[in-house]
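Note that the chains take the letters A, B and C in the order they are written out, and that residue 1 is the start of every chain.
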Amino acid sequence: MAKISIEDVSFSYEQDKKNNFVLKDVSYSILPGDSVLLLGPNGSGKTTLLKLIMGLLKPTKGKIRIDDADTSKASVFEISKKVSMIFQNPEKQFFAETVREELSFGLKNRGLREEEIKKKVEEVAKKFGLFEYLDKSPFDLSGGEKRRLSIASIIILDPEVLIVDEPTAGLDFQYRNLMISIIRGFLETRNKSLVVATHDIDFGLRIANKAAVINEGKLVWSGDVVSLLREEEIFSKGILAHTFTSSLISRVISQSNVDFQKVVKILEELTEGLM
Amino acid sequence: MSTEESRKTIIRIRNLSFKYKNAEKNVLDTINFDVKEGEFVLITGPSGSGKSTLARILTGLIPNSYPGDLSGEISIMSFDPRRNKIYEIAQNVGLVLQNPENQLFALTVEDDIAFGPENLGLERKEIKERVEWSLSVVDLQKERHKAPFELSGGLQQKVAIAAVLAMKPKILILDEPTSYLDTLSAIKFAYFLNELKRELNLTIILIEQKIDLFFKFLSRIVVMNEGKILIDDEPDVVMNFCIRNKIPINIPLQLLIIRTLGETYDGKKLYDYQVDDYKMLFEKIINDR
Amino acid sequence: MAMNFVKAYQFSRKETTIHALDPRVKLFVSVGVAIIGIITLDPIEIAFLTVIQIIILALSKSMKLWLRSLKALTFFILLIAVSQYLTTQSLIQAIIFSARFILITSATSWFFYTTSPEDLGRALEQMGVPSDFSLAFTLSMRFIPVIANEFQDVYDAQRVRGLNLEKGNLLERTKAFLPILIPLFVEVIRRTYEISDALELRGYGFKEKRSHWKELKLTTNDYIFLAFFLLTIAIIVLHRLYYPLV
């Protein structure tokens, strides 16, 4: 049930140079139940914004509040009780000897009791199809299992807001679908919210209801996903590019008045008719 | 296209199997694979299907750097990685890896391009010529004094290609080059690659998940799964096969729409349809429900 | 903290006369000054050389970088001063020793600020160092910032999972580093493989002696710079003759 407000946030990496802001005067609110698609070219500042929300970076100017608490005064540990983040290539963070230990890590850091940890770990492991691997080394898992484990080790922290950075980069057809079903699973619980930065717009359209577009550090557009697809300027200016799928959806919903969710569903049935 | 038959076969592989040292299973299992001069071949398939391993064999990294059991008949422009060193093959077959960060060593674009020719011990004049040529081919003259890491992902990818081209290969292999590019850069990259191929008369083997970006340029698609080649044929034949057999790869939506309507199509004309034509077809699908 | 050290010695591309000097000349002068700095205990000589280093830093537009790195090294400078004072009970001694440290770091830092790793590699190679060594050097310089970023990424990822490095006793704190060090180590190994593949694909190892498309040649500026350096040494020697250290 967390609400995040980004208020006039600017950020620059080098404190003494005022001229190169990675983000400039960004204001945006993420409400419970929002699933926000953060779009923009490579290097536009998407990842920086995600790190600012997570408290990994602190704003140079402006404020980010999570339920009225100022993130620049809170530690990442405190913020992580409400917000969590899945990094690009999350498999890179494995360190434990067993899957069980890897899943327990966050809960242990929170100081939960042994029995409680055990219960939660097994529950999440079942949900992510990892139960039979609990005593195996994370490094011995297959690609898909690794991906599931890396996400499970974040979902187990039960965040109210989940931040995801480029979840589909380098993924094949099946893993991409896996990401979609995991994220949808997360959103099934009422009032959870999601912020996903991606350049895979086709993927984004399948999970998001809101969109925000960043270009050269500035928030140039925000609104719901359907209105983004009706927006021509952003695509014609070269800030975003349509894929064949997104341009088709855009035309169908704006010219023929078909419901967006219905279009997405039919398109999925078309592609997943394969499975 | 009719000259395809008369073109020279430059890669010929028969019954190729490979097992990495200490591994239990073969990564590649009795592969047969030919490439003719001037072809644009796309290899796709789920991760772990053996695509990158095949690229490593075609460039001699296997078995020179990655030992294992390699069997079968291999001729890559008459080289055999079991007899020839990587640097011999590298002057005929270039490989561009997925992540440019790990294949750019120098602090300026031009020095990076010169790195390969310097290794070959070429004369200073020849290196200079190759650097100029590579820069012009990828259109990076303006960036020549910049650090490769300061460039955008799309341009970094171009530097990596220019650096490989400076080795003057006839065959260019690219391993998922668009993975970390945004949509616009990826679309531009597809056109760039096709243009490059035409201009330099290259043979291109592209390992890629995003089939639709390249579809109209391809002479062939190869689909791999669990170390085997499932199908290797003209793009539309391969796509039909994959749709029929429910092979989990990214089939262009255009094909799926046409197939769903039960219409036959001509692969070459696929991109002659406009988005609005597809919109009409798609609306037909919606109304049919 | 580790990052501070990295930044203290990071090359920054600028177009100045100092940047354009031959890396061999710069290496010679910088090492020369550092050696004098190690040998001398004369406050006037130290001051004189430090002023010259500052002039070089100013000419190479690196003053800001240098001041920042001094700030990062404050702790060490104080440490040297305090330990000298405790052992010799002399304030002057303490000041001289820290001033020497500043002199040595400034001489080495302008060298690294103005010399790209590959220029340095080129210099080493053309001075007869085998190409494997100079390449290893260039590559490590090139990948230090990459690994530092990688460290930050893993650290961030584990912080999100509640990792706290500032909690508990020494043993617990050391153990807390494992979730960062293990992934970092795995990633470095993976990268090493990829880099070595990329090197071989570019024909590395084909010829025992690589060729160089840019040969280092001394220019007028290099000779002027060298002349100034020799003049500096002459002044120091003269100073020594007239005012020998007691």
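Going forward, a contact is a pair of C-beta atoms (placed from the backbone, for glycine too) under 8 Å apart; a residue touches a chain by one contact, two chains touch by 3 or more.
Computed from a prediction, not measured in an experiment: that's the story for all the values here.
Novice: Classify the inter-chain contact topology: is it line, ring, star, complete, or other?
Specialist: Chain contacts: complete, every pair touches.
Novice: More C-beta contacts across A-C or across B-C?
Specialist: Counting C-beta pairs in contact for A-C and B-C gives the edge to B-C.
Novice: Averaging over Cα atoms per chain, report the distance between chain A and chain B in Å.
Specialist: 30
Novice: Can you compute the centre-to-centre distance for chain B and chain C, using the mean CA position of each chain? Integer Å is fine.
Specialist: Each chain reduced to its C-alpha mean, chain B and chain C end up 41 Å apart.
Novice: Can you check the complex and tell me which residues of chain C touch chain B?
Specialist: Residues 11, 13, 116-118, 138-139, 142, 146, 191, 194-207, 209-215 of chain C touch chain B in their complex.
Novice: Can you list the residues on chain B that touch chain C in the complex?
Specialist: Residues 56, 59, 61, 64-65, 85-87, 90-91, 94-95, 97, 99, 101-103, 105-107, 111, 114-124, 127-128, 131, 147, 163-164, 167 of chain B touch chain C in their complex.
Novice: Tell me, which parts of chain A touch chain C in their complex?
Specialist: Against chain C, chain A makes touches at 16, 51, 54, 56, 76-77, 80, 84-85, 87, 90, 92-96, 105-106, 108-110, 139, 153-154, 157.
Novice: For chain A, which residues count as touching chain B in their complex?
Specialist: 41-43, 142-143, 169-175, 199-201, 238, 240-245, 247-248, 251-252, 255-256, 258, 262-263, 266-267, 270-271, 273-275
Novice: Once bound in the complex, which stretches of chain C touch chain A?
Specialist: Result: residues 64, 153-154, 156-164, 178-183, 186-187 of chain C touch chain A.
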